[in-house]
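What follows is a set of structures for review.
Here chain A shows up in two complexes: once beside chain B, once beside chain C.
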Partner chain A sequence: MPPVHPLDRPEREAEMSHSNRRNRELRAAALLVAPFVFVFAVFFLYPTYKVVALSFTDAPLIGEGTWVGLENYAKLLGDRLFYTSLWNNFYFVLLTVIPTTVIALMIALSVSKLKGRMQALVLTLFFLPYVLPVSVVTMIWAWMLDFQFGILQPLIAAVTGKAVPVFKNPHWVMPMIAVVTVWWTNGFNVLLLIAGLRNIPEDLYEAAALDGATPWQRFWRVTWPLLWPIISLVLTLQLILQLKLFDQVYLLSNGGPFNQSYVVLMQMYREAFQLNHGGYASAIAMVLFLVIVIVSVLQFQLLRIGGRK
Partner chain B sequence: MNSTGVQLRSVEKNFGAVKVIKGVDMDVQRGKFAVFVGPSGCGKSTLLRMIAGLEETSGGSIHIGDRDVTDADPADRGVAMVFQSYALYPHLTVFENMAFSLRLAKRPKAEVKQKVQEAAAILQLTDHLDKKPSHLSGGQRQRVAIGRAIVRAPEVFLFDEPLSNLDAELRVQMRLELARLHQKLGATMIYVTHDQVEAMTLADTIFVLQGGHVQQSGAPLDLYDDPSNRFVAGFIGSPSMNFVEATVEAVTPTGITAQLTGQPDARFDIALTTPPATGTPITLGMRPEHLTITEGTGLRVTVDVAEELGGVSYQHGTLASGEPMIFQQTGARHGMHGTVQTVLPDAQRIFVFDAEGDRIR
Partner chain C sequence: MTAKRARNFAFSGIVLIAACIWIFPLYWALTTSLRSENRIVSDGAGWLIDELNFSAYAQVLSNSKLPVWYLNSVGTSLIITVIVLVTGMMCAYALSQLRFPGRQTLYLLVVASFMVPVPALYVAQFVLMNDLGLVNTWWGIILPQLIVPVVVIVYKQFFDAIPREMREAVLLDGGGEFTLLFKLYVPLNWGITAALGIITFISAWNNFFWPFLVSTSEGMMTIPVGITQVNDSFGVAYARMMALALLAAAPVIIGYLIFQKRVTEAVMISAGVKG
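Take a look at the complex of A and B:
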């Protein structure tokens, strides 16, 4: 072995240990990320790839199909039921997204006035429905709105003059599903908004009070602008969630009556699992995916511009 | 117009069963700078917030000028407050922060602009009017908070520990700016702090609060020269006063001879007009700056820590009896750490307190 200059050694050792440490860190990082990457790849990336691939074939639900190019998409563009479904989706978004946000904001504002345990209790009550599985939620509401025995029918009768079979009535079905959905998911929005409200320092309100702001002015000039990032988050999350509507429709009205509650995912489900059209169903899924991406990005950008003003 | 700026009469505050302010009377003259000082939890911030109207008053009355504002809304009291956290609206520019109250009052645009520009000029914020508070330094934010108060042209400015979030250097600088601002505006100002140096340098009148009571009020140097009890004596002055236990050995025609407990050769003749009886236990207070080193007999202090600040040094040590003692040295570097020094107080400047902590004069 050639003699090593005494000054060289510690330096080289330092270099070695430096690269060793980096290697060790990389190995640890890879090890920690691996389980997630594996699950993500097997259960998300691969199925996504298969859906994209399937949408260009005439494959049945199980088994391979043959390549048909854009035929599924062309067919979809001429499918009147698809337009009905898409329209119903947007109608549902209209019925839920802004109303649920407004209701959640009002609940959050009143709950935030409560103190300590009382606040926790009331918050829990509002959050409780969110914990329930959708089947339980729909069953509760199907009972309450039952044409013959539902406890809400007297209320409906008081307004309209007679009992209404709401899930079999083309005018009532979407609004009622919207009511059920808002009741079910509102607690989460309340929670997000409460967290946002708590982030606004109390002394801003005190300063505003000293500056002569009325409670109304305090809301519009302090609370609203400072809560806006959370409100736009809630709106965007709601938009995405409500465009993916399926369970409630499937369980409450099954798309009827007269396709009045038929939505895009309902159509996809029927094409895939009842009519055995795997390729066509994949194309529907792809289009819905694109719609969601475009609409939510658009909305988020609009909200950001609105917030800056 | 009433010459009284702010007047408090037997003001009380209870939080549930807890009494925080226990009957406070005070008069702050118009145009004066008053400082509430005291240890944390003494109720000084609560009292300020009661004057602002942010806390309800449980008893007594608060007058601003000749108006009774005890139950008035904060906005109707003619007060502006600068918060410890500055409480700037993060979504608004400096200009809009300062214009906030005028916008709420729907003042004409030209007036808003003029008033904000004026305040900004006073506070050297003219170049920063378009910035958001997050782009400003701590000192600048502080100035915006003050500017927001100036724009409202209030009768009374209230400051709630406004400098405590700034670093030491900036604090000194802002302290001077506040003093100048007070001279320029001539408005009544009430300032809360726990820092007695701020209190001494800014105040026309200091109110020393403790336990929900005003312990003493007066001009800074009056409190320094003539504290009315042991708490005020210990609180005003930096470093704080030394206290040693003693007994009255003899009553003399002019006062007493005090014998220090556990120090047979340390006795002082102190002039008092109402001397306590022989044998009464008393506490003697001596300021570090009134102790001088002597060759003869005196208090023997074992110095364990020396704080050398250049111009002056503070020698921290203990007496033979174990009581802590600080004395001040000026000029030369002494290197007293670890040595035993004999110090003698200026007998004219020894304060005598009884067992309850009240001053014996």
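Take a look at the complex of A and C:
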């Protein structure tokens, strides 16, 4: 070993303490991420892998199954109930996503014109249903729409000529579940849109007003383009949320009547927990999984393209 | 100018009326719950609260397991909130401030997990809970609900924004990473912790599907699941059903009215929108 020049020593010490510090950083990082990584791996990553693996087996809900390759998926392609479920999901998306966004936009535009306490009060009233548990919402609406004593039945009778047991009627069931859902979840959209409206600089409106723009023109030339990022966010969040429909259907109509409100998660639930077909239920879950991943990726790409403009 | 003020006034009035119509179902539940069952069947529920009959509330509280469901809901939701926040802030701090192998991969996994529809995992999670012997227990309800990636992402964003100089000052004083996190980064972001805590608590409290699957006896149910069981045992009992619904909703309604600003802030932060 060559003799160490006295002047080298401080540098060496600095190096030592640098690698010491690096070690300490690594140890701290490991301790800090460990709890999250453990929970994430055991209760999220593993089930994600497991649901993929199960979908290739004929496993019951509890217990081992044997590998059957793509049999579950082949069976799905020939399962008429599955097509009914997919169609009902699609129908429900049509009934909710755009309507709720339009309603939320109208409410947000009105609320943002109000001032002070009045604004706070009105916003509270519109937002409140969003914090309720789903079963409270369905209980209240089941009572509102009760065939015998429901307060809304006179309204329905005025339109159709007679009272309608809406959740037992194949034509009424999905639109009514959509109404309940929009009432329940709309506050969230209102809030996002109001935040978006607040971020539009006031002077843009003043400039537009000076140029003699009508309110209509101001909306389409100023509000709409500047609010579009939030509107598209609301649309995608709603699309993903409404594809996951289960609770309201289970509680209000249980998939009936005549499967008119049977949806994909309803079928997954029945197959797994009532018919004891864990493997087949997993294949159904995989389809939902894929649809939602595709929607999310598409949305991400669309936003990126929008961002480049 | 007065014409304009009159128009503004009329506009406010119309919006207020619309808001009252929007919230009418809740009001209707309230008037129904305060009447006697006989009167509802004979003359229907009234538009005005002209009777203060609390017997429906008394019956619901004594004849159902509502107190137990409250306890289950409060207990599981609180534990979920605390674990989600603590594990989330720790992980976010490491992702934001420290260099370690696998950091990028971990962050990408957390972001990607946003896309996974959680109910699609319920079959596999149920099997796992069964293997662990946790079906129909608090931990069975809690564990799968601990995955809230948005908490990690939001914390990371806020930690990223804290100037490095503050960090160096603490390190020079001999503080370690845990001191930094709990004495500097978290206290600087109390608002975020409150907001994330509220949103995590509300979604755990309101979750229906998972607790419904994993709680198999009435004594283990949370409020949203439990109240649907009463449905069958009461038969026709409108006042009692509405009393039950309102008692189940009361904690979130009161909580929302008290922490209104925080709740709205939380909703926006979790959606990635700055208010």
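We adopt the following convention: the second predicted complex is superposed on the first by the 287 of 309 C-alpha atoms of A that agree within 3 Å, B and C clash if a C-alpha of one lies under 4 Å from a C-alpha of the other, contacts with A are read in each partner's own complex, and residues count from 1 in each chain.
Heads up, the rule we're going with is that a contact is a pair of C-beta atoms (placed from the backbone, for glycine too) under 8 Å apart; a residue touches a chain by one contact, two chains touch by 3 or more.
Here the structure is a predicted model, which means the values were calculated and not measured.
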Superposition on chain A - do chain B and chain C clash or fit: fit
Chain B versus chain C as contact partner of A:157, first or second or both or neither: neither
Chain B versus chain C as contact partner of A:61, first or second or both or neither: second
Partner chain(s) touched by A:226 [first = chain B, second = chain C, both, neither]: first
Chain A: partner with more touched residues, chain B or chain C: C
First (chain B), second (chain C), both or neither touched by A:201: first
Chain B versus chain C as contact partner of A:211, first or second or both or neither: first
Which superposed partner A:143 touches (first chain B, second chain C, both, neither): second
Chain A as apex of chain B and chain C, Cα-centre angle in degrees (nearest 10): 80
Gap in Å between nearest CA atoms once chain C and chain B share a frame through chain A: 9
Intersection of the chain A residues that touch chain B with those that touch chain C: none
Residue ranges of chain A in contact with chain B within the complex: 201, 203-204, 206-213, 217, 221-222, 225-226
Residue numbers on chain C that touch chain A, as the complex places them: 11-12, 15-16, 18-20, 22-23, 25-26, 28-29, 32, 40-41, 44-45, 83, 86-88, 90-91, 93-95, 98-100, 103, 106, 109-110, 113-117, 119-128, 130, 143-144, 146-147, 152, 176-178, 181, 202, 205-206, 208-209, 213, 223-225, 227-228, 231, 238, 241-242, 244-246, 248-249, 252-253, 255-257, 260, 263-264, 267-268, 271-275
Touching residues (chain side chain A, partner chain C) in the complex: 24-26, 28-33, 35-37, 39-40, 42-48, 50-51, 54, 61-62, 107, 110-111, 113-114, 118, 120-136, 139-141, 143-144, 146, 149, 151, 183, 188, 191-192, 195-196, 198-199, 230, 233, 237, 240, 243-244, 246-247, 251, 265, 268-269, 272-273, 278, 281-282, 285-286, 288-289, 292-293, 296-297
Chain B residues touching chain A - in the complex, by the definition given at the top: 52-54, 73-75, 79-81, 83, 85, 87, 89-91, 100-101, 104-105, 148, 152
